[in-house]
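Each in structure tokens, the structures are laid out below.
Next come two complexes, and both contain chain A; in the first it sits with chain B, in the second with chain C.
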Partner chain A sequence: MMNFRNGKKTGEGASSDIRLIMSSLAVLLLLAICLFGEHFLPHDPYLVDMGNAFLPPCRDYIFGTDNLGRCVMCRIIAGGKTSVFVALGVVFVVMILGTLIGVIAGFAGGILDNALMKVTLVFQAFPAFVLAIAIGAILGTGIIAGMIALIAVYWTTYARLSRSMILAYKNDNYIKAARLYGASPSAIVFKYVLPNTLGVMAVTAALDVGNVILSMAGLSFIGLGAARPTAEWGAVMNEASAYFQTAPWIIMFNGITLFLAVIVFNLFGDSLRDKLDSKRINK
Partner chain B sequence: MKKKNLFAVALATVLSASAIAGCGAKEEALENNAETEVVESTEDAAEAAEEASEEASEDAATETEEVSEESSGAKKLVAGATTGFFGAESLDVAYNWDGWLMSIFGISENLFRLDSNFVPQPWLVSDYKQVDDTTWVFTIKDGIKFSNGTDVTAQAVKDCFDRTYANNDRADSTLSIESMEADGQDLTIKTTQPNPTILNDLCDPLLGIYDANAEVDEVLGVSCTGPYVATEFTAMSEVKMVKNEYYWGGEPKLDEVELKILDDTNALQMALQNGEIDMIAQLDASSTKLFTGDDNFVVEGVTSTRSDFLMYNLNTKGLDDQAVRYAIGYCIDRDNFANVVYEGYATSSYGIYPEGIAYGGTDGLDIPVDKYDVEKAKEILAEAGYTDSDNDGILDKDGEKLSFNAITYSYNDASIQLGDMLQSSLKEAGIELKITTYDVLDEYLADGAYDIAILSYAMAPTGTPQYFVNMLFTTGASNNYAGYSNATVDELAGELATEFDTDKQTEIAKKICQEVVTDRPFDFVIHQQLICVWNKKVSGVTVNPTEYYLIDANIDVEE
Partner chain C sequence: MINKSGDIMKRWIVAIFNAAVLIVGITFLSFLLVYLSPSDPAEILLGKSGMMVTDEVLEAKRQELGLNKPMIVQYGLWLNNFVHGDMGVSFKNSKSVSQLFAIALPNTLLLTAVSMLLTIIISTPVGIISAYKKDGITDGIVRAVTYLFISIPAFFLALIFLYVFSLKLKLLPVVGKVSLKGIIMPSLVLSLTLSAWYIRQVRAIILKELEAPYVMGLRSRGISERSILFSHVLVCSLAPLLTLFAMSFGTMLGGSAIVESIFSWNGMGKLAVDAISARDYPVIQAFVVWMAIIFMVINYLVDVLYKLVDPRIRRNLG
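Right, the complex of A and B next:
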């Protein structure tokens, strides 16, 4: 899932700044549409209106209507709230959970480290999406079940990453100094270690949002994850797949939106990483 | 630089998107595989995947075969359907529901056959007579042979029934036999009680005729009398057949028939569009418009007895109130469901049985719900004392909210859409509906773990009202999960069981319908059509409303 490229020297501070600003704006715009778009919708995304079923894109319904006469655009926007915020929620939880486990393992060392890392390895042993499907299938349909399935799959990256960083920093002189001054382990972790890992974690998280959006849509598409009539991109595409020959606009506009959302988050994560990389190099 | 980077990210995203999409598709394929091979669920996923790829390569091989066969002039029909219509687990008439599928395949035949008006017509019998209330004599046609060349005699039919009754529990409830006697071509059947519907019962494909004295082939099952004989069979996947050289009803027009199961309806439609298959049986109504405007295809639908209906759990607070059930009835947009979701291949129902059957339709019935009218539903609920005391949009009375859990089949798009439509209109009326879907509903229904079930049942496949009355309407009936009990219905059902006069049967059935439509433990929404589509090359297809028959000796393919 992760696709770290080798740290790249850009040396072009200005251009990476512009990219970061542009992609941040795109992310903010997307979030704003998802968050507030619902209040400006021309139609109720859940209102069944059989008289208007299967309308192709027209002036009243820019993206057309679906099999139950619901406005496709409204459902995409309402679905965005579900899809994007579920992904943000999953990434937030895995970041906290994974980092915590990694920090404990890295700092405690010994048997606890060994045990925690073995658990991590067990989770990593399975292909991520297959594991998510298995967990989702056990938990049943529903957004919460889908989120738990994805959390179970995504936390390992953060655990391993934070552990390796802790191991790297643990023996640095400033940590040794803090120890000498009698700082408690928790103070060392929260005051000195974690702030150092934050940048890398943030980049990883930003890059993961796109992946999680896709994974959640994937789960919903195969019938796990969001349940009807919840407007969620994957679930809507699942419903629309039956009509892709007769009413292609339903699945097409959903697919395009999903694609754009993932691109926006990936660009943001990418430019954030470039920015942090160049900072570190400049140091 | 910037452009290059953007391109790289875009490319990476597309690749990862397609990787995940590919992964999803594969999983789905695995899932489908797992679903169709429940019996062999011990197989691991890897094996299933391997099989899937093998099947794919086999398919490719078949295609090349087809080409060579076509050039050699053999007439071949390739038809496709979903598991629901072609999914046989074996080719043994007595096993589970496989007799029904073998009848569809054109492999097995019965003593009687239902015509398109659900009237039983002699099929393998030349003559029959009723000796007394419980004794019937059937004369088997001379000169009929099983596909293995053995003669079909009364003794062979008796042996066949003996084996079926020993192997399938459903047989006894289909037709209760006390004793049978065989003499030449005459088979005497004594029933346990007077049975006015014995001829209809003998049309049930479970009572299909096969050679019970020959050894049952592990793969190709039993030998029957139909126009086609299986040469290759893969459970829940495909069957290949050739014409039966001993067929008694004239030479079958096709040399070969291949029936495939494709559960992905998109794949099924595209297979027909690109000529890979010639025919789809039981086409999904929403796909009909792909073919109706196209001169290369023929779409035919006949009103079957299959109905989409609601079953209320009468033990649920709120649903035990007739007023609430009436209000829900007014919130069902039957006409749009029939015309939009079913594309007109269904008719709205305000009564019980479909029109076209003597005891069906609404004629002579006093129907309490006769249209879609949410305002009327609101009035009924207000009159019954339901108010929104806490202003949450959901009506309540005595602290009980009108909030219900609906369950339906996860694979049935139409019933899910009915749920979606109902959810929306009930919300307007002040009733909350939550929908959950399951692959198999029986367990939830039997446990009463539902409030409203959206179901799809064939109501009179054998043409008799008894079938459904005894299955749903009587107290404690096998599928009466509503918990419905009405002494009048029970009494009328008793009368119906032994009434020989068809006019009186109809009269009693109508009385039962009146009781049920008034009590409304079930709400019959639409009556479906059975839809088949085939390309112009194919001729002689008869779509029979019973869902019992499809492939027969008359189907032909133009070369």
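Right, the complex of A and C next:
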């Protein structure tokens, strides 16, 4: 019975390795297209050419053109750079910011901990997207405004997670030992505690990238976040929704790209989590 | 005995204090929305009235609206008005925000209630079947399909529905009037995107329960699978299912904003999205406060239900 179980586990481990490698490659490919794709575009994504407006997909314009005659495919690739890197930026900031707040709350304890956790609770009392709309509306349009709105929504998870991990580690023997040796609190945090939380934080972050891409596109679609004429997937779809009946291809190709990008990041996050889980089980 | 009732008192005080902190936090953040916005309500309101706007008139209007008072006083005034049903005046069409929301709020509640019901009807049986047929073909298909639906933006799905069912097949109206036909598409979009996530969670909850030792015990005693499922596994899963419900309600409320505006469903979300382009801050503010309040009420209701469902918690709370 035990042997069978162990055999099954190692088999699962191998296939999870393959999935992790495949999904990492897919993420790298996506990032490469977003970073360098701009240099290989057949048309200028911002070039207005009214003579070629509303062309359905054809040989010159594989994904067709929009109301101003701009190449839809070129705008999707240019938009990828905005959409994907904005999401990565947001996730990076919330991971650092949230973890920091959680660590401070967990280590300080007492009133500071209580106050920080109350603030977290208030932020979580709003439905996530409603909070993003509220903050986006204060700040007005723009990519930075949209990013701040999403940061305000997503940081709470990391703060609560890192705080609970700090509380769990706080009384571990190795921390006590470090204290006995006279290690300073900051040394304990940076040398011993943070490296331990890194795995869980990284997985949470990887799983969030897809969600953040979706939220950002949603914000831009309702007129917050990126504004026209910026090539960003949500903003482009917002602009194109007025011509949805006559030129459905603009929305279709943008939506499908958005969907594929989210799937790629979700697959990557899932396989990363499985990898971490299997490591923990093998311990 | 005395000690115990003292404990209960203490618990109540803490609970009320926490709720108060939450309410003040929610309303203060929402108040900041208009307070920090770059527009001057006095100027906008006077501009609408068509009067000559001199500096004195402007100053008088600011006095009247209390805009010269310190922030905390303004917050107090705003909160007092809000509690009395006065949510300000829309910048766009000079109607009172309460009037607009009196129509929109029930519509949004109707849409979210129907969508939530649909979600539960779709995802509970599918999640249970998927858990029972773990690693089989059905389970594989369910997992693949839900994975795809998790990654679809709700607004994209909404536009596809609009294109296929309204523009091409002409089965359903483009503009979602508050009627049986009008509610089909928005509620379907909301519940399909949420169901994808829900089914995976229900599957995980049921799987965890099926692995519990008591299930093996029941099986070895020859109890039928049907009665194990309905009178044991489902009953024990009610508490985590309720938590799932409370958590997902926030997603539903947030998602309803976009879906309402795409299908022109006359609810709070549509009001808010229309207000964004017009920079109509009082409407956005009312939307934010109401959404947070609804979310909070649902969370408290679920908390109460949770205690009714799980006898262990009920006993602990006395």
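In the analysis below, the second predicted complex is superposed on the first by the 272 of 283 C-alpha atoms of A that agree within 3 Å, B and C clash if a C-alpha of one lies under 4 Å from a C-alpha of the other, contacts with A are read in each partner's own complex, and residues count from 1 in each chain.
By definition in this document, a residue touches a chain if its C-beta (ideal position, glycine included) is under 8 Å from a C-beta of that chain, and two chains touch if they have at least 3 such contacts.
Owing to the predicted nature of the structure, the values given are computational and were not obtained by experimental measurement.
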* Kindly classify A:Tyr154 by the partners it touches after superposition: chain B alone (first), chain C alone (second), both, or neither? => neither
* Asked: Now for A:Phe268: first (chain B), second (chain C), both, or neither, which partner does it touch?
  -> neither
* Partner chain in contact with A:Ile251 - chain B first, chain C second, else both or neither -> second
* Go through the superposed model and pick first if A:Leu214 touches only chain B, second if only chain C, both, or neither. => both
* Asked: In the superposed arrangement, does A:Leu68 touch chain B (first), chain C (second), both or neither?
  -> first
* **Which of chain B and chain C A:Phe126 touches, first, second, both or neither** => second
* Mind working out whether A:Ser241 is in touch with chain B, chain C, both or neither, as first, second, both or neither? => both
* Determine, under the contact definition given at the top, whether A:Lys118 touches first (chain B), second (chain C), both, or neither. => second
* To do: In the overlay, answer first, second, both or neither for which of chain B and chain C A:Leu47 touches.
  => first
* To do: Please write out, lowest number first, the residues of chain A touched by both chain B and chain C across the two complexes.
  => 127, 129-130, 133, 210, 214, 218, 221-223, 241, 244-245, 259, 262-263, 266
* Which positions of chain A touch chain C when the two form their complex? -> 118-119, 121-122, 125-134, 136-138, 140, 210, 214, 217-218, 221-224, 237, 241, 244-245, 248, 251, 255, 258-259, 262-263, 266
* chain A-touching residues of chain C, taken from the complex the two chains share -> 18, 21-22, 25-26, 29-30, 32-33, 36-38, 147-148, 150-156, 159-160, 162-163, 167, 249-255, 257-258, 261-262, 272-273, 276-277, 281, 284-285, 287-288, 291-292, 295-296
* Asked: Which bits of chain A are touching chain B when the two form their complex?
  -> 3, 12, 15, 19, 46-48, 50-51, 53, 67-68, 127, 129-130, 133, 141, 210-211, 214-215, 218, 221-223, 227-229, 241-246, 259, 262-263, 266-267, 270
* Asked: Along chain B, where are the residues that touch chain A in the complex?
  -> 1-2, 5-6, 9-10, 12-14, 16-17, 20-21, 23-24, 27-28, 31, 265-266, 269-270, 284, 286-287, 289-290, 333, 336-337, 340-341, 410, 413, 416-417, 419-421, 423-425, 435-437
